[in-house]
């Protein structure tokens, strides 16, 4: 599962019926690449999240008929690592040394 | 789901039967990479769209027998973000600050 | 679906039974990366084709027991775009302005 | 299957029900890219592991209802290669010439 | 299907039950990236092979319960291309002009 940041939503009136009226969140990775994801956990703009891809993305919506290939799996509170010295965490990720 | 721009169609008379006579749209990402997608939403050339990949691409055609791995999921009207200052939207994407 | 060029075949006598005696085509993308695909449309060397990946690749063989993850979906005759000026088509792709 | 290093865990109270209370491990590849994986083998921080992706990731949890797309498949003790001279193993991987 | 070279095996005593006692081969692409694959064709170190990914990787093991996402599909004897002049084959691949 990849780590992404919620930066907004896309407005998309003309869309596939399999996406219903679901909010489509705009996410960004650390390289500035944008992707679109469905969001069953109501993440807020600014949240760091991890995303589930592939067929698991449909099941994660609680309804495999939702035609998504990327779903937010959860909001990251912080992370814990014992190797902060050896491996540089990216400054913009919410890190906390264990 | 990835964000792509519709730039045209490909003409392909000699093709797999599982694609019928479907229009095959030519899309481009911001790096100039081309991909081909099926299009159940009748997007126009110049539209920014998001695309659904994997097995969801077949279901999004309303017929899992359509042998595609990439389907246009919807046309992006605009996007809304609260962090326009912190994160630079790509100039060529149709952005609107919320 | 990605765009690739047929550059030859691979000879592979020692192979998985799920691939039978199928011709295995050698394709190349514009960056020179090679991949191997099954070919139900009898593409010729030099043809530009689009390829179907994932589970759709098996169905596109007309037999989901064929153990491929990449199948040629069709031969590209030419492409049509209304934005030839704004977006540079790669010189080596067979382009035709609409 | 890709090779990754376990560097910690993420803390994520607000998450998809399909992930239960499972520990979510933070992994890193040799380029410093972070990903999140479920872990049925109880790998320790510092372990080199290989990860299984796609639908196999769900089955590898022993329960296809676990909504993951990446699962740790095993801890790498060491590797054996007969071509140490021709192909440079990355210094940070635990290598042993056969 | 991607082209890879067999460079060895990984030793992995602590692993997912769904992989049994299968030999886990260490493969390398032309950029030096390592991946791990299951091997039903008994490839030797030094062989160039093509690999099958996704759900087809499980079926290619002759047992969909094998929890792999990458399986060696066959050993490449040589390749045949009619465009050797236009497209430079990588020197390290076993090429033969048709």
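Order as written gives the chain letters A, B, C, D and E; numbering starts at 1 within each chain.
The rule is short, and it goes like this: a residue touches a chain if its C-beta (ideal position, glycine included) is under 8 Å from a C-beta of that chain, and two chains touch if they have at least 3 such contacts.
For reference, the UniProt names are A, B, C, D, E = Carboxysome peptide B.
The shown structure was predicted, so the numbers you read here are calculated from the model rather than taken from an experiment.
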Chains adjacent to subunit C (Carboxysome peptide B) and to subunit E (Carboxysome peptide B) under the stated definition are none
Type of subunit B (Carboxysome peptide B):subunit C (Carboxysome peptide B) copy interface by residue overlap (half), same or different: different
Which rotation angle, from 0 to 180°, best lines up the CA atoms of subunit A (Carboxysome peptide B) with subunit C (Carboxysome peptide B), given as a multiple of 5? 145
If you average the CA atoms of subunit A (Carboxysome peptide B) and of subunit D (Carboxysome peptide B), how many Å lie between those two points? 20
Approximate Å spacing (C-alpha centroids) for the pair subunit C (Carboxysome peptide B), subunit D (Carboxysome peptide B): 32
Among the residues of subunit B (Carboxysome peptide B), pick out those that touch two or more other chains and give their numbers. 54-55, 57
Is the way these chains touch best called a line, a ring, a star, complete, or other? ring
From the touch relation defined up front, give the order of chains around the ring, starting at subunit B (Carboxysome peptide B) and going on to subunit C (Carboxysome peptide B). B, C, E, D, A
Give the list of subunit B (Carboxysome peptide B) residues in touch with subunit A (Carboxysome peptide B) in this complex. 1-3, 40-41, 50, 52-57, 59-60, 62, 71-83, 87-88, 90, 93, 98
In the complex, subunit B (Carboxysome peptide B) residues that touch subunit C (Carboxysome peptide B): 7-19, 24, 26, 28, 32, 34-37, 45-46, 54-55, 57-58, 65, 67-70
